[in-house]
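Structure provided below as structure tokens; questions to follow.
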Amino acid sequence: MSIKLSSTSYGKSAVRVMKVIRHDDWHEIKEVEVQTLFEGEFEEVHTKGDNTNVLPTDTQKNTVFALAKDHLTGSIEEFGLYLAKHFADNNPQIHKITIELSQKQWAAIPANGKAHPHAYQRAGNERWNAKIVKDASGTTVKSGISDLLILKTTDSGFSNFRRDAFTTLKDTDDRVFATSLTAWWDYNATDIDFDAARAKTQAAMLETFANHKSLSVQHTLYDMGKRVLNDVPQVQKIDLDMPNKHHLWVNLSPFGMENQNEVFVVTDDPYGVIQGTLERG
Amino acid sequence: MSIKLSSTSYGKSAVRVMKVIRHDDWHEIKEVEVQTLFEGEFEEVHTKGDNTNVLPTDTQKNTVFALAKDHLTGSIEEFGLYLAKHFADNNPQIHKITIELSQKQWAAIPANGKAHPHAYQRAGNERWNAKIVKDASGTTVKSGISDLLILKTTDSGFSNFRRDAFTTLKDTDDRVFATSLTAWWDYNATDIDFDAARAKTQAAMLETFANHKSLSVQHTLYDMGKRVLNDVPQVQKIDLDMPNKHHLWVNLSPFGMENQNEVFVVTDDPYGVIQGTLERG
Amino acid sequence: MSIKLSSTSYGKSAVRVMKVIRHDDWHEIKEVEVQTLFEGEFEEVHTKGDNTNVLPTDTQKNTVFALAKDHLTGSIEEFGLYLAKHFADNNPQIHKITIELSQKQWAAIPANGKAHPHAYQRAGNERWNAKIVKDASGTTVKSGISDLLILKTTDSGFSNFRRDAFTTLKDTDDRVFATSLTAWWDYNATDIDFDAARAKTQAAMLETFANHKSLSVQHTLYDMGKRVLNDVPQVQKIDLDMPNKHHLWVNLSPFGMENQNEVFVVTDDPYGVIQGTLERG
Amino acid sequence: MSIKLSSTSYGKSAVRVMKVIRHDDWHEIKEVEVQTLFEGEFEEVHTKGDNTNVLPTDTQKNTVFALAKDHLTGSIEEFGLYLAKHFADNNPQIHKITIELSQKQWAAIPANGKAHPHAYQRAGNERWNAKIVKDASGTTVKSGISDLLILKTTDSGFSNFRRDAFTTLKDTDDRVFATSLTAWWDYNATDIDFDAARAKTQAAMLETFANHKSLSVQHTLYDMGKRVLNDVPQVQKIDLDMPNKHHLWVNLSPFGMENQNEVFVVTDDPYGVIQGTLERG
């Protein structure tokens, strides 16, 4: 029998950094979770137990903390690019480096009528994500957002769909539309103002979600993606994942009441999966 | 052998309601999770399988949805009081009713330069909680908040503590202080403006947390509780639970760097438990 | 305004220990999560920031690891008793010590036709728990189990219950009965064979659950508790918490099929809460 | 600007089925979570809100429950193949169907000295998974396992690795090796005895893990994959994902104790990522 080791990767995940930037009159914070992942000349690690080429995952972790001191000062995309370059410059045995970063949101606590300079509270559930890939062909940057819970109470319907023997769903022209948005977008450059591009991308998705007259989740997803490609020239491609987190209408008629889209059961499962990718033609 | 059934309770948990209040030009939403719990004449349910006195948990769930239609219009405390009274009025076999409610936070999505009238995003991680207890001796209301992640980057130390043979911790006069706040407070009345009292209580805790010169988590916890009792006359007693979510200083000296409280590891476990209850004397 | 600090406690939680006992021809493992909690003379910690009496939670953590080396050799109850005594002997300022312990289950991997001497796999979801309380009045031991998922496919009904205007549930004499059992039992001594008593208690609950002709969750809960008090003389009292994890019958009649209790939807929420405490009379 | 909808997919996730097979003298149970995912002629759903081609996700859910009645009788792989064929036969607008299935483990409760015929307890944490893909080019079956927690207390080292300025890790020839195994393997046929092939694959991985003299996680991963390809001729390819769930040695020397690999801290993060794919050459 002939056996081939067709792919390998290794790295460190869930490296959780809190960076405090001590400005003169306020403290800025960045909470970022980092994953490093390497591919390259690692066959003999597997086949012979030869660790010569293995930069330990513990060292990768140390590197993230050490480089965070001077280089985690702006966007997670910039920090990821710096990390990728550092590992590439020092490790010829690594042929492909993937850095994933995920940032949690904090907002200043309001105190004494203004934003407190060094006290924070968690702001929203969502995470800002980035993925840097560096190999012989170059470097690419993806940004993303996840766990963004959004909901609209009207301007959403679903009707005239395909029916078969197992269909019991009825047409509706007014329902709650709730999702936990995950989006990833590819930039067409690596030297842009990532925070500005993110802000425009996220605002475009949110505003479109809010304003759209939705005939299906798919229909709104497409409009959100189209608006991003329209508003943000640096975005080449965008993937949207918008699970349909069902809010089910409750039948109150057994109790002599009419539920005019006022009372819903919130459910986690099952949920609809709706995914789409849009790119420049 | 003589066996006594010394206590019993039953009810329905995780009843997840989304209420949409369709105002003329905007939709207000309330996402509330409810638990109902009953104690009373249920001995023979256990000992004989006689279900005559058991109002099914399924009925309790139905009741929450049905009464939400007309009565979940203001604070969760008011809805809980209404539910408790409903069950008490109709079920003489129930001697004690406990209603727990937990509300998730949503904020209007900004669109077209203003708050959108019917599209929302999750706002913060925290939950607003309430607990209503009704029995022969009367009705009490507790309110609370949980999962409120707060953090300050300075004005926090811990020193001059007790030491023994297993102590390796060093004194510090500057550390990151992070917690996931859970607080419960007892009101001295059941007919107050619960939303106003909650707003004042939460603001008092947050502002005190931000401003305090902390010599320990305990020290700040006390100041937060004292400020609530000072600012909110309707609060009789407050329990605070402030786990010390450690952000550990990273030693960068092996890499020739000095970490001047800039880089920390975020950890979930182990964590310090710090709890205290303050009440009017 | 007069303010009273009516209670305080502090300690360390989620101290996660893996202990390897290196026997001559096999390795025994114990994975235990420990929480220490202290009450006592801590008022001035809160009111003045005076830490003199505070044995740091970091020291508590160190103590758990250090004492695990020689003393985590048998049951978690014995280790908890040892920890409580250690802290009490060395800290007169502490008036009440609570040690909580939770053990995960591992089983030897089968290899080469027998149990491997030093390789393990997780066995079941359940946790074995213990709670030791030591104060001026003495020492008590509770043991428990949690997250034990159990299910029976028949011999379970629920009928002849109380009905009101919100009742839509129908009588059933055959349903799936599933729960995630949490139980806590109090021992009437602190020098017993805890592992033997636990084994008998758990077997009594499981066998009763399996064999019972259930007229309600309450009915089965009671029988399980009664059997424990009958079989295990060292148990003085037992609390059982048996949430009704609903497995809902699926109506297949719209598809021309009859579902004879064959196909169910598994749900997490909402769920029924069913609790009861039995003790010797 | 020209915009292309380059990919779309939709389906239903977290459809949680409990199937009870009522044999004459015992009840067999299967708890399976199903996801259906469709790709095909769905462009106008997105661009025009035309739902004509959309078989609702609600119908997909109904179909899973309805077909479970007669066809979820053996392996999850066979049920997945049946579902895929059903959807393909009835929906020419769907060009690719992906069915994912995940089965939880239950074992009969021991009662009265034998396995009880209709009462069960959760057995282990792990899930048995399968993924069926059906499109114009044919049908493929992958099987997998996830969340299998395994651990060995010795026969594991890591040394002679690459070092740089950020390396602080020391060589070790004896450490705890713990992982949460996820594996996926591709079969070279769709008509095999899936349960038998799974049993052999899982046993091969477990036994190899237990017996291997490990020079790194990578080294053991490779040996496990090789053994599967050696033992199970129907497996064409296998991916293994073996995160290094670190159990950190605790330094007890400050307390005058020597920790001879007896006491470890269990941690969840950060963790090492170790992945590899082996296939027949």
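We just call them A, B, C and D in the order they show up, numbering each chain from 1.
Definition applied: a residue touches a chain if its C-beta (ideal position, glycine included) is under 8 Å from a C-beta of that chain, and two chains touch if they have at least 3 such contacts.
Quick caveat: nothing in here was measured; it's all calculated off a predicted structure.
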item: Joint neighbours of chain C and chain B, given as chain labels; value: A, D
item: Higher-contact pair (C-beta pairs counted), A-C versus A-B; value: A-B
item: Chain A-chain D separation of Cα centroids, rounded to whole Å; value: 24
item: Interchain centroid distance [CA atoms averaged], chain A/chain B, Å; value: 29
item: CA centroid of chain A to CA centroid of chain C, Å; value: 37
item: Touching two or more other chains - residue numbers and ranges from chain D; value: 16, 62, 66, 166, 168, 255, 268-269
item: Residue numbers on chain B that touch chain C, as the complex places them; value: 1-16, 35, 37, 42, 45-59, 61-63, 66, 90-91, 93, 158-164, 166-169, 214-219, 221-222, 225-226, 229-230, 237, 243-244, 268-281
item: Parts of chain C lying in touch with chain D, wherever the complex brings them together; value: 16-22, 27, 29, 31, 62, 65-66, 68-69, 106, 109-112, 116, 118-126, 148-155, 176, 203, 206-207, 209-211, 247, 250, 252, 255, 257, 259-267
item: Residue ranges of chain B in contact with chain D within the complex; value: 165-166, 168, 254-255, 268-269
